[in-house]
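Encoded as structure tokens, here's the structure I'll be asking about.
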Amino acid sequence: MITVRDLSVVFHVGGREVRAVDGVSFEVGTGETFGIVGESGSGKSTILRAIAGLVPSKSETLEVDGQPAARRRSRDDRRKLQFVFQDPYASLHPRKTVDDILREPLIIHREPNIDERVRAAIADVGLSPLHRFRYPHQLSGGQRQRVAIARALILRPPILLLDEPTSALDVSVQAEILNLLAKLRQSYSLTSILVSHDLAVVAHLCDRIAIMQRGQLVEIIGAGDLRSGKVSANYTGKLIAASRGFSRASA
Amino acid sequence: MTDSLLVVDDLSVTFPGRTAVTQAVRNASFTLGRERLGVVGESGSGKTTMGRALLGLLPRTASVTAKTMSYDGTNLLACTERDWQRLRGRRMSMVMQDPKYSLNPVKTVGTQIGETALLHLRTDRRDAQMRTLRMLEAVQIRDPELVYGLYPHQLSGGMGQRVMIAMMLIAEPDLLIADEPTSALDVTVQNEVLRILDDLVRDRGMGLIMISHNLTMVSSFCDRVLIMYAGRIVEEIAARDLKNAKHPYTRALVAATPSLDEHRAELATVTRDPEWLK
Amino acid sequence: MTDTLGHWLMSEAPTSRRQAVLGNLYRAVRSIVTNPTALIGLVIVALLVLMGAFAPWLSMGNSPLTQDLAGRLAPPTDKHWFGTDELGRDILARTLYGSRATLSIVALVSVIVVPIGLAVGTVAGYLGGWVDAILMRITDIFLAFPRLILALAFAAALGPGIENAVIAISLTSWPAYARIARSETMTIAHSDFIQSVVLQGASTWRILFRHIVPLCLSSVIVRLTLDMAGIILTAAGLGFLGLGAQPPTPEWGAMVSSGRDVILDQWWVATIPGLAIFIVSLGFNLLGDGLRDVFDPKSNDR
């Protein structure tokens, strides 16, 4: 579904060149949930944005749904790929109701039955019809994230990119959203890429996981191997150990 | 854990609001000895408010009441601003979440830490400088002289947090309250900072209150854990016994946290029982 | 009954778009009305509008144009509450009717300046690059013109009159709004909610008009209200110089000008319209201050 070969993203910050992503290659099969994990500065979010066309990038191959992804995406291209952002407080327009927000993609793409589809989308993400005409500031963080997910899925894209979707949420809310995502990827037959700094979250939802460090791909391992610690790279081992919590033994 | 450093009995904190009062903390009671006590809760649980109440850092509009709130015999409820100034930094200290917002951006690291030392330790400039360098070493900063002359914006997240710890511990307090000290840090750096805290607490016999939303971190680092919900302490338990917690909220929280050890198809969600609010 | 209406409007779970929008509007109006500064300003501005609308009835039967040379420069009496001017015309009537000139200038300038400013500012802020550079240089050029001098130039070229005064004032006012719109746009152009609409395939036009402009409106409205005082004063200044509304149409600035010569003995001729200018400018200033507090509570000095 998604093929990435030798992807690089370079930013120019204050005269210096920063290689946010350096020669990364991987493939995501149809229906797969692929995880990208790394610490800050690893480039994991940048990869996602490059695939979505939000940042300029260079690559040998960047294919989405079998087609090469152009720098300038057409409206039809946009139907194939949607995004859920990290911050539920910043990803919804403060002056638009939930209804407005969900109608927008349908209006842009001239879809029929807007009213019905908005109602269905709200129900799909576990919100009540009472939420439909609220403004974002009248919703909790978890509810906003549900709206963001509903918005991403309302056009039924085959591909969903998620950038730290639960990092800003409480543990109990995170659990609800992760369960929701698990349910939706089934019912919507989604191919997704999930980016997170939290190894446990990624291991919970993903089949295969890419480990990133400072813009470079360290290795790709299966969720099972991650749990059992069967990894080849040193860094991955360190990451897993650190994620298990504090340990006095390794002092 | 022979004598208690901190005794809190029936602490409540309320804030006035436009329509009604908000009860941020309700009837909280606990003691702290020379140990690591974790306070875990989600947003709105009151854990940060409680931490600040213990240091007198709440706005004047907040109403803080308790049967007892004493530190090493001193009644904290009766403290005037001058009393607080004598206690804070010297006897009790606080490390907060993001060093970016807690360090003075226009002063060098060395100056800031040195000032804290001068303020609390009645010593001269040279001695303060020496203590600062020694403290920077104690927090595992490899080149203390270099870092001494740096400004906060030149520090990485982990280094900034270590500088914060150095600044808060230079006056050798007995009690340290850490409010989400590692939330803004990468997980590998997190554990390094925790290790430093651990060593310092052990070597100096300090009491440490670790406030966090991260159950995994708190349960692996602390000796005892308090679980807070809607302003109340709903459970007090030894860290290693968390898996066998009694209160349904604690159990739900443990079950809702994804873990690397076991694969669950669905994470347990927390059904909020209004009973917990009583 | 009003209680249930109030509840319906303040409901946290609106059941229709109409309810949500009306509720929002209600909340906004309430916050304006409960702010003392804004309320006083609003009342004054409302009075201005009422004055203009009901001038014929409020003039106590006096016409602003009827001359009475025998009764010229008469002091305030029962018949003429504010006295008469140098041609015997009732000053009360002229002041009331004069508000129409002020109102039309205020309305026309707003209607011209806000759309141009928003258009230029949002396009420059969103597209950036050379589009931004060119638009900002054009803005700079217009900013450099002094208002009154430009108005004089227009009057000299095209003849005096309200329309040319409006054009002159608009041409020198719009740059400020372009700058405000541009800086607001630049703040939000890279925010997640805008990126998300980009990802949905919205056209640039749609993004600017439906997503960015609504967020610039409150700053622009505050600036406009605060600018009003200056615009009114400029219009009065033009009138004073004889470049605004032409006689015999009453206009406050022109009235002050014609009362200049007799100001020591017949103070009311110049002072009454002068007071009107002052109060209305003050009203707009207070309204603008109040609106700024309401729209951005962080700017309060509470």
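Each chain carries a letter (A, B and C) given by its place in the written order, and its residues are counted from 1.
Definition applied: a contact is a pair of C-beta atoms (placed from the backbone, for glycine too) under 8 Å apart; a residue touches a chain by one contact, two chains touch by 3 or more.
Computed from a predicted structure; not experimentally measured.
Taking the mean of all protein C-alpha atoms as the reference point, the chain centroid lying nearest to it belongs to A.
Comparing the centres of all chains, each the average of its CA atoms, the largest separation from subunit A belongs to C. Between the Cα centres of subunit A and subunit C there is a gap of 47 Å.
For the pair subunit A and subunit B, the distance between mean C-alpha positions equals 32 Å. Mean C-alpha position of subunit B lies 54 Å from that of subunit C. The residues of subunit B lying in touch with subunit A in their complex are 42-43, 157, 186-191, 194-195, 198-199, 213, 215-217, 219-221, 252-253, 256-261, 263-270. Remark: subunit A residues 39-40, 170-172, 174-176, 178-179, 182, 197-201, 203-204, 223, 226-227, 238-240, 242-248, 251 touch subunit B in the complex. By the touch criterion given at the top, residues 12-17, 19-20, 24, 191-193, 195-202, 206, 211, 214-215 of subunit C touch subunit A in their complex.
Subunit A makes touch with subunit C in their complex at residues 52, 54, 73-79, 81-83, 85-87, 90-95, 97, 99-100, 104-105, 108-109, 129-135, 138, 148, 151, 155.
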